[in-house]
């Protein structure tokens, strides 16, 4: 009672206290506002509010209807893989930009989900149940890194995630009687869901698109929620988060768990896509590729992670194979991008808008009024 | 008992090279704060250069020196060309840039030397001496001796020279090094050049045992990283000890536990050490109190 | 508003990426002839083209080059376009590469040189009704009415004879080290069961990882078990390194090894340590007139000595070309596959290549070789005519 | 203002860093509606005491908020018991806006499961509108218009950032507000605004603990003070009492104490509330 009362009352009486100085003050803020005009114009919209669900649904419906007609053959398969990677990368972006963990274990978390699905799914366990369990398994393993990782500093966390990833690899490779070892293991039955035959690349695309949009929606919701905000605060300044009453440890573990759910689902979908799983494709290189997707996307919305996943997957399937020169170009491109686009793809439009904003401000002269309010 | 001793002795010899890798890794990290995932690839570059120079008819010793120089150059070029703009940026930017360098080095190696595995003869005979029932070869002895000499020199240099003290100061506060009359940029360059030389040396030393393949660098980076972290990031002595500890642990695990899970045992040990040590040092999840 | 612009931008970037890959990414054509002509067919080569095993891809390309020079580049009037997939010696990558190339409807596939890759590809081949020729040694590659023929002896066949050979040498207790690859696992599984059938006890059966640099732990384990023989399985470099490190640690027992120990790389890695190591193989340069002739041709053309992999890949190229030739006008995956199963083509390691009902080579060669003064020499011939 | 109540009380609080006593045996208590100041030279342990109250550093001794013990709790538990805290140098996160920061401040007051945003977007929007209104009202108190809500923190002048940080602490509706050097980085205009606002706040039963170098500001606003030197309490009292005691003057500022006595009280009406 007294706590809320204090701020309530003071709000009413605050204005007259500084009346003589208000003008100068307002001018100062207007100046500040003008300086940040470009940034405000570039703002990602009102946080906490999502793009209307209807728009998203229409977008999914369009994609699901149109794309399988336009894209076919190898490109559709790669597109499907890109969607899988996008899901895992969105998960990693939660672990990374909200949890504050630089993890190189995301591919291993995918492997856990993948193996859970491929070993469970069959006549007795249906596909939706197996996929959910894959997500759950991913969450548990990923949360483990969070629990251990919350105790160490970031450089050491990388090694801890590396240790987990290598251990998962070793278990898969050595437990041959269960996992098939390096030879891998095949899917026991064809999967279908919602009337879609997931063995067909077109139907697989329809399902994975829907799934990816669900993941994007959930990830954006998390980011926009108070919990997401608390997590973002925590990555910037742990004391600030503590001072706001955020239970940092618990929240970070939650972030790793949620990131793990998405990776587990993605792993399960790899198993369905290929009809086969082996330990090798969940190695360090895949984890690094996912980390690249996240960093190149910048710390923006899940949508930009999808874009960078698309680009990097097509690059890694096209440019990277068959020649060493392709790899060379890829490596150099990587370095250039990291050096010259500090905020990744997400930062590029902002840079552009910043330039535009400056231009616009110069032309309009007094754009400060709508600059503040928008 | 002799099995145990043999496993330990062989582990020490193998671990010495991991230690060298870790020492370079640690030195670069200590000065610049960058975790270098291209470290192992620089080692492979040094090894490939050693191979070529040896192939032109130079004595192995000279060829190895050429490999060391090549490693140093690669380290310096990497620092200048890639890492310099990244020191003020988040950890992950530096890491991914070094991954980029690793990709570039691997493809350069593949373009220049091809993907067929290549090999080098040892610096010394690999016919073992027998001490009791424990075998120990001159090649292993040379490896160990070089590691001890180089790391002692390195520790001495870091402790006693102006540049070395600058590096240590850099780890605390890059502003302070100006007081030593050295620019931080030069220190960073020196640190990466030395780290590269250590990597090149490790590459030249390890090649006779493992041969040359373009993508071997990744596992060497991981080993160096693990050695450096286990020993305590930033400490040269720690890295050497860490490297040897990892190799010995792996050997003992594969003899007495399971060869398939030897790496897992080593990683588990590292994680346990980290948990105890880091908690002991910091007490909480936040390192220090916000400065007033 | 802004977010819409962002999405439009994202869509454009995505589309650009799609277009770029669609136009230039996935295949290289090496045939001079017009791919659009009525008689053009596609042949898929799925091999490691990048990574540490990229030399297999190189061998495969060389094998086709040589075979097309010798048999003609338009078998049955078909201009051949190659579509390549990079399997990286990683089964999952092989599935991805396989999906990509099979989506372009090739009439035949050169299966990847790493067994795990081919095993992972098998269901795809069945689903697409395309046949492949394989050089893999893993026993489960072929099966009755499968879609794969194998131009090399199965490890199951080789190891049955090799195990008996080892037992006949008086070995009672053996220690085995192998890698965790699909090939390594399959090889050792067949060897172990055959050894046990012949009364040899397998005291140690330990694994090492591809990425390992040091095998001393595993070797000490063999010493501890006091084995009276050792069997080392591994790809070329690892096979050599294993032998060398075992010698260094004074594991003073007779060594046996898989076919890769007969390759040049193994010899370069291990040098004199390999002398006296007995390995089972299908190809030795100096074992017959055919192999001597092939070795000379290959050496002259590509400036490197052939090994058991390159010779088997060459045999596969011959099988595929011969099958396309025999198909006549209507070459599809199904028809070429039929012809592959009943092909009869000149071989190198065997006089005439023909396959049994499950796709395995009739009368496959099994040679015992060893190294002597830097040369791989024939010690014994356990199967196959000269 | 009920005299018997206690807003914040410290009994025999000590903090050690690796064997060194940064703070030793500190006692004081502050009643609701009072502003209490901690003064002392650099290194005398003022901020450490704030950190100890918040649980950022481990401490011995008893700490009570509103009559309930909070020592032994984690930081977030203490905040939920009604602590609010500002920082001397708030770190402006690049990607956070003023609105974001204020919503973070509200964290422990309004639990919102993250899936609420996904499953019931309308309720989430409503919650967002409410917190926007609260934020706007708080900002108005220090004469900042609601237009600033969308501003990114990095673009704020230092003084405004400090104001926003204080508003952030108030979003959690604390009973006890801990202020760490609030006036540093502020100009005179802003200091006056802050002064008025703090008076206003303490007018209701908010307890304020203040660490500050601006002695004039302290003198004007504090109801009582504790003087610290090398981690120990060397004196208590009203500002007038404190600044007259010899040992306090010596321990605190040495020569510069003269300026305190010479300076006239700042002409701000303390009776605005």
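So that you can tell them apart, the chains are marked A, B, C and D in the order they are listed, and the count of residues begins at 1 in each.
We take it that a contact is a pair of C-beta atoms (placed from the backbone, for glycine too) under 8 Å apart; a residue touches a chain by one contact, two chains touch by 3 or more.
Everything numeric in this text was worked out from a predicted model, so none of it was measured.
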Problem set entry | Chain at maximum distance from chain A, centres defined as averaged CA atoms | C
Exercise. Whose Cα centre is nearest the centre of all Cα atoms in view?
Worked result: A
Problem set entry | Maximum inter-chain contact count - chain pair | A-D
For this session: Provide the C-alpha centroid distance between chain A and chain C, rounded to the nearest whole angstrom.
Result: 40
Problem set entry | Inter-chain centre distance, chain C versus chain D - centres from mean C-alpha coordinates, in Å | 73
For this session: Determine the centre-to-centre distance between chain A and chain D, using the mean Cα coordinates as centres, and give it in whole Å.
Result: 37
For this session: Averaging only over C-alpha atoms, locate the centres of chain B and chain D and give their separation in whole Å.
Result: 49
Problem set entry | Set of chain B residues in contact with two or more other chains | 110, 218, 260, 263, 286, 290
Exercise. So which stretches of chain D touch two or more other chains?
Worked result: 56, 87
For this session: Return the residues of chain A touching two or more other chains; collapse runs of consecutive numbers into ranges.
Result: 43, 170, 173-174, 239, 242, 248, 324, 327
Exercise. What residues of chain A sit close enough to touch chain D in their complex?
Worked result: 2-11, 13-18, 21-22, 24-26, 28-29, 32-33, 35-36, 39-40, 43, 46-50, 53, 217-218, 221-222, 224-230, 232-233, 236-237, 239-248, 299, 371-374
Seminar exercise, completed: The answer for chain C against chain B in the complex is residues 50-55, 58, 177, 180, 206-209, 211-214, 216-221, 223-224, 236-237, 240-241, 244-245, 247-250, 265, 268-269, 271, 273
Problem set entry | chain A to chain B touching residues, read off their complex | 96, 102, 148, 150-156, 158-160, 162-163, 166-167, 170-171, 173-174, 238-239, 242, 248-249, 284-285, 288, 291-292, 295, 324-325, 327-328, 330-332, 334-335, 338-339, 342
Exercise. Where on chain B does chain A make contact in their complex?
Worked result: 29, 35, 82, 85-86, 89, 91-93, 95-97, 99-104, 106-108, 110-111, 218, 222, 225-226, 229, 233, 258, 260-261, 263-264, 267-268, 270-271, 274-275, 278-279, 282, 285-287, 290
Exercise. Can you name the residues of chain D that touch chain A in the complex?
Worked result: 32, 54-56, 74-76, 79-80, 82, 84-87, 90-91, 93, 95-97, 99-101, 103-108, 110-118, 121, 124-125, 128, 137-138, 140-148, 150-152, 155-157, 160, 168-170, 172-175, 189-190, 192-193, 196-197, 200-201, 203-206, 272-273
